[in-house]
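Order as written gives the chain letters A, B, C, D, E and F; numbering starts at 1 within each chain.
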Amino acid sequence: MHTVPLTLLTIIGEGLLRERLITEIERAGAKGYTITECSGSGSRHRRVGELLGENMKLECVVSPEVADKLLGILSEEYFPHFAVIAYLSPVSVIRGDKYV
Amino acid sequence: MHTVPLTLLTIIGEGLLRERLITEIERAGAKGYTITECSGSGSRHRRVGELLGENMKLECVVSPEVADKLLGILSEEYFPHFAVIAYLSPVSVIRGDKYV
Amino acid sequence: MHTVPLTLLTIIGEGLLRERLITEIERAGAKGYTITECSGSGSRHRRVGELLGENMKLECVVSPEVADKLLGILSEEYFPHFAVIAYLSPVSVIRGDKYV
Amino acid sequence: MLEVLRINLCSPISLAFVLGLFARIIRSELSLPRELYASLSIYLLLALGLKGGVELSHASMAELAWPAVVTLLLGVITPCTAYLVLRRIGRFSIADSAGIAAHYGSVSAVTFIAAQQFVQTLGFPAEGFMPTLLTLLESPGIHVALGIGAVQTARMASQPRADGSPPVERRPLKEVLHEVLTARSMILLVGGLACGFVMGEKGYEPVKPFFEGMFKGALTLFLLEMGLAAGARLGDLKSTGLFLLAFGMIMPILHGSLGVFLGHWAGLSIGGATVLGAMAASASYIAAPPAVRMTLPEANPTLYLTAALAITFPFNIVLGIPIYFQLARMLAGGS
Amino acid sequence: MLEVLRINLCSPISLAFVLGLFARIIRSELSLPRELYASLSIYLLLALGLKGGVELSHASMAELAWPAVVTLLLGVITPCTAYLVLRRIGRFSIADSAGIAAHYGSVSAVTFIAAQQFVQTLGFPAEGFMPTLLTLLESPGIHVALGIGAVQTARMASQPRADGSPPVERRPLKEVLHEVLTARSMILLVGGLACGFVMGEKGYEPVKPFFEGMFKGALTLFLLEMGLAAGARLGDLKSTGLFLLAFGMIMPILHGSLGVFLGHWAGLSIGGATVLGAMAASASYIAAPPAVRMTLPEANPTLYLTAALAITFPFNIVLGIPIYFQLARMLAGGS
Amino acid sequence: MLEVLRINLCSPISLAFVLGLFARIIRSELSLPRELYASLSIYLLLALGLKGGVELSHASMAELAWPAVVTLLLGVITPCTAYLVLRRIGRFSIADSAGIAAHYGSVSAVTFIAAQQFVQTLGFPAEGFMPTLLTLLESPGIHVALGIGAVQTARMASQPRADGSPPVERRPLKEVLHEVLTARSMILLVGGLACGFVMGEKGYEPVKPFFEGMFKGALTLFLLEMGLAAGARLGDLKSTGLFLLAFGMIMPILHGSLGVFLGHWAGLSIGGATVLGAMAASASYIAAPPAVRMTLPEANPTLYLTAALAITFPFNIVLGIPIYFQLARMLAGGS
């Protein structure tokens, strides 16, 4: 199959941010996303679904530009106060225009 | 460690397809798979676990050939009618023969 | 954004191993991890959350060295007796020093 | 009639439903855990079955025969009338018509329970074997409608793959039948009936506080969730159009009246005829959706889910059941 | 007093809480499924609302007026006193002070229920309309404290983004208000009150075994989970410092006494004044934490969660409520 | 005997188990949410403990002493007999033998409850302190069997890693002990016993409708799930072989008879001796599996899970308990 290279942006962090992060990625131009519940631990201690809720993992397949823009927003407005991390990985999709 | 490059095929879509997709990937030659429940949104609107159930993410580590074959089947028989996406990413494993 | 290449180690296997694997990765030098519940099937048969519990997916962003060390431990001490697989994938992060 | 309506509207069941609806309309974050929803529905179906089974042990085959026959008849007629109306008058596609018809040919267990509680509150309890009829009505309508859809689209003739293997989707009819007959709701209802029948009053006694004492409260909680689910679909009403809105309220009245008539004719009491009417009038939103989604993927889920859940279900709960009751009472008075 | 304390300590509620605490201390793996916790809290709030609504239908507006006024007053005073004490004496940052104050300005529904059960056991039942007061006290305190925080930090003036668009976080106050008013607990309580009011005794009867008969048992299970949650926070006590420990026990006594006084003054019975005191003394750990986290992200969650859950909640359950009761009884005796 | 068997087979408990089994055999999609299963088991264990604790407050130390001694004795004997039979006659590997023996040395709480309900239905209630014995029998058998396994394989001598650090798996015995003693079921049972003891009849009264009224119904639902779980393992019977099938039915009779004898000898009533027999005969499928999996990973989980859950559990529920009862009655008659 003919595939197109795109970027998978993965954001992991406090579940409370769900709606806010969805708004962010949609405003930045993502055409879809997938959310999974998870738990985890990082520099801001172990978080396992207590009163403030579990962590969540938000994944979206986007163009490298959108991914870069979102990384910028995350690092400026979210990393300082919230328990959030983000990383990019390369993926290949078919029907590439669906995602950009 | 000596690692072998393989392909990780990720399929995200309606949970109802679970058994059918498992049959597909096993028939295509996948030796295992992992399923996670998730929710999400795409071109076919937001899907958050209503009457037709949540989305699911099916991941399988396969040879590039199997991945390609499955992408073909998905794009012909599933993408038209079902809310499904799929993408490939490169992974490295040890004990590569376990997966092919 | 300026990003740093790192390795994402994914371990999938019996949920019972959770605490033991967390100890392993922390001892090996991982600075954080994320855990998701999942089900799946592999060479050791289908496992869907029965009496011994579901599978889990443990993901951690680490340096290639740590990833290699963990693959070694896994393949020696875990693969023989437990239903576990592991793979590596390349990721890009910002604030790379957070992970090493 | 007004008094009957008032009683119905002020029942915990209706109020909980309205509360759920309201919460969605004002966009509250309220939602019941999915597992609570699943647990409650397992509990309600099993309790329904057990109770029905215990009472079935008092019923004679003769009493049951005619009601069973007319119930099966309803299972064949209602999907056909629904299909014809949708296709001919509504001008829906074959797949959409068949998909929606499958829902109206089957039955909503909660509507059944609500009707049962309603006639009981008014002092006209339905026959103890009604849950048996419920199980008879659940699946035929789905198969009839899916059959119509399959024949009309001749979809069964899809091509084999390049490598000669058949596509996974092309499942023999036997498989679809197996799926519907072994579906969760079927097992719980039929299994509950059988267990209740075998254990009898005496075996039932110690579990009665759980399965009967808690029933109405659990039902109230369940209807809160139904209200939330229906409310989430209200937004789709715009896109589904006026015809479906009318269909979702007129079709139940027609099917409901037919059910009441046939029930009365088959010898059911006022309560029994009302409940049979409500069953015929109701649209399934548990068994039908997955069956339709997998067998007729071209059918638009928004249409059938919205019609069944956001239009017909509330209509029956609030207005329909009192109407069928009124009708059953008139028939009984005139006989 | 000692006898009152003993009765309170040997109640299933206190014992379950202690069991949960103990399980965490010995690092047991025991944990309740998250969905059970959510289901129980939905059940408790709805049951509380329904019961309160049914009883509200017997109450006159006149009776309710003054208690409602003093409740709202408490909603304004308590966040301010808490803020001042934290900022001036405790030397906490503006964000931390406002964040903790938001918790102490709001109310803990479980503390409310525990107080209600306590006075009932002792033969001094509180007024039937108390759940109405609970809903009045839930949100004002949060808004007052968050408002103080916002004004003090002038945080609202944050810069627009490079591309001119406003950051997502800068939400108009209307949105925050909407969120708190449509929060799960609000809908269930207020909705339950409304439903109970409409259905009245007669409609309530059939669901009473579920919503009233099971109430205390469900509450016991819930307190086991509360004990587990509080126990998980015990370790944080070290990092939060002695001041917060003292604050978490002295502030409730001050707020609780104020609540008892105002309640007595407004004409509440001994039971009612006790419960109002417990409400004022309690710190929210359901509604406040997410609101504070999203609006004041600089505030350290460990501080407010530990204070509300691991210090003030157990203090009130075990010692506070009997104290407020003693005070209410003294006041009533002296009047 | 036949009448006793019939009563047992027509009880809601047995019927629900059979329904679950049947649903799996016809490959129904029915399954209970995992959280419901967890919630039910928490409820059952806590209710069992509370009730037992309340009744323990009436018991004297003297009554309890001998039953406790023979219970501990059973906890040491049964894992050894099971190990020997498996290793010598069955020719299983050391790890498999020890792993299975750990299950048969421990106890199944649901079998205990089923036996308790059974003798109560027949008018021979067991002693109120039986839940205390249950807690005594839970863990010793697991440790004895795991100890045998460890000694036999000298597995403790595994090599340190290349970098000199010890492998994570090599846990000191203290840790394993801590794990079993603080396991969920232990905390709930022992904690429930303690709470029930402290609160007494009077404190128990208000929560009785929840913890006692609902008990049998909740148990019925739980057995439906047990039937589903056992049914899912039926397919493995083929691979586990005939020996294990025989072992899973003969071993319980031997252990059960020993339990009845010792119970009778220690002064237990007919009901009490029956229940002690059922405890000795039963195989754990909650506490033992994870302990064995982590400590003896070479042992094949299919063997021990299938034996405990798909063979011995149903055998005891359907046939075993009536047999132990018959035996206890004969002994009592002959004494």
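FYI, a residue touches a chain if its C-beta (ideal position, glycine included) is under 8 Å from a C-beta of that chain, and two chains touch if they have at least 3 such contacts.
From a predicted model like this one, the values you see are computed outputs, not experimental measurements.
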Check: Pick the pair with more C-beta contacts: D-E or A-E?
Finding: D-E
Next item on the list: Would you kindly tell me how far, in whole Å, the mean C-alpha position of subunit F lies from that of subunit C?
Entry: 35
Check: Taking each chain's centre as the mean of its CA atoms, how far is subunit E from subunit F in angstrom?
Finding: 41
Notebook entry, point to check: Could you say which residues in subunit C touch two or more other chains, in rising order?
Noted result: 36-37, 89-90
Item checked: Multi-chain contact residues (two or more partners), subunit D -> 33-35, 39, 209, 213-214
Check: Looking only at which chains touch which, which shape fits best: line, ring, star, complete or other?
Finding: other
Note to self: Going by the touch definition at the top, which pairs of chains touch each other?
What the structure shows: A-B, A-C, A-E, B-C, B-D, C-F, D-E, D-F, E-F
Notebook entry, point to check: Which residues, counting only subunit D, touch subunit E once they are in their complex?
Noted result: 10-12, 15-16, 19, 22-23, 26-36, 39, 121, 209, 213-214, 216-218, 220-221, 224
Check: What residues of subunit C sit close enough to touch subunit B in their complex?
Finding: 10, 12, 36-43, 55, 57, 68, 71-72, 75, 79, 85-90
Next item on the list: Provide the residue numbers of subunit E that touch subunit D in the complex, in ascending order.
Entry: 33-35, 38-39, 42-43, 46, 50, 178-179, 182-184, 186-188, 191-192, 194-195, 198-200, 203-204, 206-207, 209-211, 213-214
Next item on the list: Please give the residue numbers of subunit A that touch subunit B in the complex, ascending.
Entry: 1, 3, 6, 8, 22, 31-37, 61, 89-95, 98
Note to self: Going by the contact rule set out above, which residues of subunit C touch subunit F in the complex?
What the structure shows: 14, 16, 20, 23-24, 27, 49-53, 73, 77, 81-82
